[in-house]
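Think of it as A, B, C and D in the order they're written, each chain with its own count starting at 1.
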Amino acid sequence: MLSEAQSPKPVRVAIVGASGYSGEELVKLLMLHPLVQLTVLTSRQYDGRSLGEVFPRFAGLPGASNLRFQSPEIQAILDQAEVAFLALPHGVAAEFAEPLVAGGCQVIDLSADFRIHDPEVYQQFYGAAHPAPELLAKAVYGLPEWRREAIASASLIASPGCYPTSILLPSLPLIRDQLIQPSTLVANSLSGVSGAGRKADLPYLFVECNESVRPYGVTMHRHLAEIEQEISLAAGSDTVVQFTPHLIPVNRGILTTMSVAPTQQAAGQDGLKLIERSLREAYQSEPFVRLLGQESLPDTKHVVGTNQIEIAWRLDARSGRLMLMSAEDNLLKGAGGQAVQSLNILRGFPETMGLLF
Amino acid sequence: MLSEAQSPKPVRVAIVGASGYSGEELVKLLMLHPLVQLTVLTSRQYDGRSLGEVFPRFAGLPGASNLRFQSPEIQAILDQAEVAFLALPHGVAAEFAEPLVAGGCQVIDLSADFRIHDPEVYQQFYGAAHPAPELLAKAVYGLPEWRREAIASASLIASPGCYPTSILLPSLPLIRDQLIQPSTLVANSLSGVSGAGRKADLPYLFVECNESVRPYGVTMHRHLAEIEQEISLAAGSDTVVQFTPHLIPVNRGILTTMSVAPTQQAAGQDGLKLIERSLREAYQSEPFVRLLGQESLPDTKHVVGTNQIEIAWRLDARSGRLMLMSAEDNLLKGAGGQAVQSLNILRGFPETMGLLF
Amino acid sequence: MLSEAQSPKPVRVAIVGASGYSGEELVKLLMLHPLVQLTVLTSRQYDGRSLGEVFPRFAGLPGASNLRFQSPEIQAILDQAEVAFLALPHGVAAEFAEPLVAGGCQVIDLSADFRIHDPEVYQQFYGAAHPAPELLAKAVYGLPEWRREAIASASLIASPGCYPTSILLPSLPLIRDQLIQPSTLVANSLSGVSGAGRKADLPYLFVECNESVRPYGVTMHRHLAEIEQEISLAAGSDTVVQFTPHLIPVNRGILTTMSVAPTQQAAGQDGLKLIERSLREAYQSEPFVRLLGQESLPDTKHVVGTNQIEIAWRLDARSGRLMLMSAEDNLLKGAGGQAVQSLNILRGFPETMGLLF
Amino acid sequence: MLSEAQSPKPVRVAIVGASGYSGEELVKLLMLHPLVQLTVLTSRQYDGRSLGEVFPRFAGLPGASNLRFQSPEIQAILDQAEVAFLALPHGVAAEFAEPLVAGGCQVIDLSADFRIHDPEVYQQFYGAAHPAPELLAKAVYGLPEWRREAIASASLIASPGCYPTSILLPSLPLIRDQLIQPSTLVANSLSGVSGAGRKADLPYLFVECNESVRPYGVTMHRHLAEIEQEISLAAGSDTVVQFTPHLIPVNRGILTTMSVAPTQQAAGQDGLKLIERSLREAYQSEPFVRLLGQESLPDTKHVVGTNQIEIAWRLDARSGRLMLMSAEDNLLKGAGGQAVQSLNILRGFPETMGLLF
């Protein structure tokens, strides 16, 4: 609890594009956040409808009765909000980010538009010219555990993708400490269906997903761009990795399993100690990273509904390779939760505020 | 259709240990098989109960009314059956295999007891001395696509495990043709919960599995022993690979994703042609292997309830590695279906008999 | 097995509208049917594509390589098929039924178009004038256990809906034998999501259905029309009942629970004997009806993938009311399986042919 | 927010039997409750283990590091707690309730032990003599919307069962206002598998529940005792109703559908207005009851994870009967959430405290 003296002022917040699964989760997080006043909710689809009509489960939350979806208008957002969360498709997000940042509104973007520093890489992976390259220099890739200071003073935060978060958090400390060879990384991720968004496409029908498991986006999923960017930065040289996402029949959760070769100094059981030390030093005091001991393995059911990520590791004594595993909620630590974590940093709130549940 | 002249005689068959999920599936397959007369069903647990009581869904099948579970007795099996399927835990299966083989009954064992040629490897992975090492020389590792001739004349067939089938079928042709480097293989498999068997353990409760995904058996799952044995045989030298199984909330199905480095001759887009040719030559005329084109990826829902395995491959142009993916029904191609395929070979029946549905 | 002397000739069959879940199931049933030659598969959506492309799991079945979807044309169907199954939306089915029947093709319609004898009732429940009222007199409501003779000589069979089958089979014998008061019937049914068809609508997305249960169509679901028609016929007077369907997160299966007041003669424990006798007399020798004893209750998992319906009953000694419960596979006994059962009757084949699995 | 002047003091709370699904939910609710200090967690099974070991997802919550499971001892509880929640099996709960109440600890019991006023009814439904009949007079059946005053001054609160809550909240106002005939009530309820508790029994295995739907406890489920007790109290005379529970493959949630005959004064469209008025008067200002309009129906996904119950109603113009439907989370409004609601009433806290999420 904060005493009145320290207590920061509540911040007025807009959510642009609040009708998808990520947007819905953000609505809830921000309505329950003690220092947020949610002032604007936009959705073209639900323009004019009350919050309770669209999301009945939020109808009883404090402030719900005043909230109504509106069509997104820049000036209205600038007038009513100090911070805007963008929960929009890539390409569209940039159209809002530009005038909002220009108008002095801090932007936390959940799309991919400002995650990739190099507009050519963006074009390669997203198949279109970058919509606002001049803004890229301002954008911070908002992985809180790795960019806390930059986030604190950012005007535009590109909140990381769900898969990248699950891959980067376990691997970055080991790459930075030169304990693993990043180019040998093979990452397999399993995601719940909410990751595909709330859109009426045949492949995401219940009967098509239930009792089904399938890889997709094989060899060049879009999230690979930011995964490799961040790994390359930590490694100090351009790095290509292998990443294969899969769709599994759960609503929420991502489980990632990685196999990677240790560097020479980190090989063997002695190397394992270095690896453990590296991870513990990186995350020991992080409120949302749970390092599992040798007898425990991650399970999405332990993190779904929380902003936590579980990380486990094992040395495979026979192959000599290191296994890294993680579990997170794709809509929280992999999206809205992490974005609110960035909001807390940005506004000087305690980092866990509104995120312990 | 067989003309009367060619028509082989029906074979009398026993299922020993018919109360688990694999056993249940075998019961169905063998009841519907046109050239099988199911004469003995054993289960200590269900001793004396009728088939229809234990498995209501089979109550209406032809011959069901005469079938009753009995306690397993060697002499009764020898008297009534020419072939016995063992759907028993490892260790227990060997106790039955020995006297049955000695008594002249052909045995198709679904357990791991006779899959591993080297009793020391068995001990390392199964934690106990091999129960019948003298029988190992007789046992054939019954992967039909690779051991058709040996199966045809075997007295003891060790039917492969579910995970190994999903890993070996895609990789063996490429290893034999020296197109991939087997020691670089990283295999991730996702299995439905029926793979854990019908046993009342907390981790397999609905609430513990539903909305959950988790790795298990990390670095040394038992199936690794047979995977490495068969890969080493195809490679011509001892090979260690990396295999990580995961539990996902579906009843049935295994999806395997592998990443492996091509050999020098198979690198690049030209190498991809060699890889495709190798797989097509190996499986083009196989009735239960479906090779998917470049635009399609495996999905367990396309194979569950069938004896088929889907295999897809992609060259990752950026990492230079090859992706191999497969999907199968763990209780059919990964267990009972494959075992019946071996029965067909063993008895000279058409290999697809009773397996097209 | 049929001796050659008795063996009827194979029948050439068309499936019109084979791309939905019911159509897909019909394709499989008819491909595996020993006395059916599937000659025509129509689908506007998949026109020109091979069966294996659209339904990979059928690619290995006998005859699959020759099958290709085509656009539906009456003359092509008349030329190549003696029997046509219509797996089309209501309203559309009638457009095909008319010229096909006129052209001498026997029609088994899985839609609702010819289930309701009274075109005014059709209009009331389906919201449009009946598309072919002049054909209604020819149509037989094809519940095999109740209309075997009429089906055998029909030119147009209206195969019952999934919910009606689950409600009518348990209740009709008791109504006919005047053991229950049909106007007191309260039926609750729970259906898997395949019942909604393969259409890309938001309410049927995985995330919207998984971990969700909901009633729908409350007070006037369309199937009520045929339920009340058949109950009224059995009762000998117009009868209104109460029926509430629910959507539950399974792919397949319908579970129906009914509560109904016994008539005076059937009240109490003595009445229970009459009730049991009535059900046993009606269904004892029916191959697809499984009457459960007093210690067993229906479960969809015992019937999914089969053409069976399970029926159980209990007298509630405290309320005096009778509970009737049933379980069936909505795509088999509730749709395609029942339709093939009618085909067998229509063509003089053994009624279980192609339906035991 | 409460000013310091009004702010009640935090209450020290024990949870006895915290290892099941209800207990786990209670742990979370009470850890996050602003005016609760969780001091004692008991579990024989987990004695000595830390909270984070047993429930990893709570490891990061405030206060978690100090919490450790202990064996249940009356004196330790009395020393450390002013209120004890009992999440124990029926029969066992009474053994703790007696000495705790005697020792001055307020008890909120989630078991059935003190829900039934008449020990003979208890014996009839629970198959054993009531374990502490002398305490029954003190016990309050803790349905907050109906017993707020009695709860406020109770020493022993019997928190209602999950099914009864879903049935009583929609029906009690209408019974009290004599708008429905309670003896005509037919209730069907569908429950998620967590309702069966965390116990390793075959019927609750994933493979046995997934893709399965089944009724159970037909004609005399234990919850019927408290349902009929409360309905009889509201009706002013002994009433028997019909209640059938079903198990469906979701983790959490109960959906109840009821059909009931209106009284003469409430028949027809005019009666419908009386019915609506009765429900609105009863619940308009209730924070946890959401009355749905005529165009909306309950769905468990709208209430799971909340303490809310959704209630809808429809008049069936054809049958003349009234349909009542409700949805709740069986572990929240149906168990732990409702119990915390009672705690808030008991301690004079705002009733929604700790329950808005």
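What we mean here is this: a residue touches a chain if its C-beta (ideal position, glycine included) is under 8 Å from a C-beta of that chain, and two chains touch if they have at least 3 such contacts.
This one's a predicted model, so the numbers in the text were calculated from it and none came from an experiment.
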Chain labels contacting chain C and also chain D: A, B
Far-end chain from chain B, centres as C-alpha averages: D
Centre-to-centre distance between chain D and chain B (centres being mean Cα positions), rounded to whole Å: 47
Distance between chain centroids, defined by C-alpha means - chain A, chain B (Å): 40
Distance between the centres, which are taken as Cα means, of chain D and chain A, whole angstrom: 36
Sequence positions of chain A contacting 2 or more other chains: 208, 210-211, 249-251
Chain D contact footprint on chain A (complex, rising order): 28, 32, 56-57, 59-62, 211, 287-288, 290, 292, 296, 302-303, 305-306, 308, 310, 356-357
Chain C-touching residues of chain A, taken from the complex the two chains share: 21, 192-194, 198, 200-202, 204-211, 249-251
Of chain B, residues touching chain A in the complex: 186, 188, 190, 208, 210-216, 218-220, 240-242, 244, 246, 248-253, 255, 257, 259, 297-301, 304, 314-319, 321, 323, 325, 327
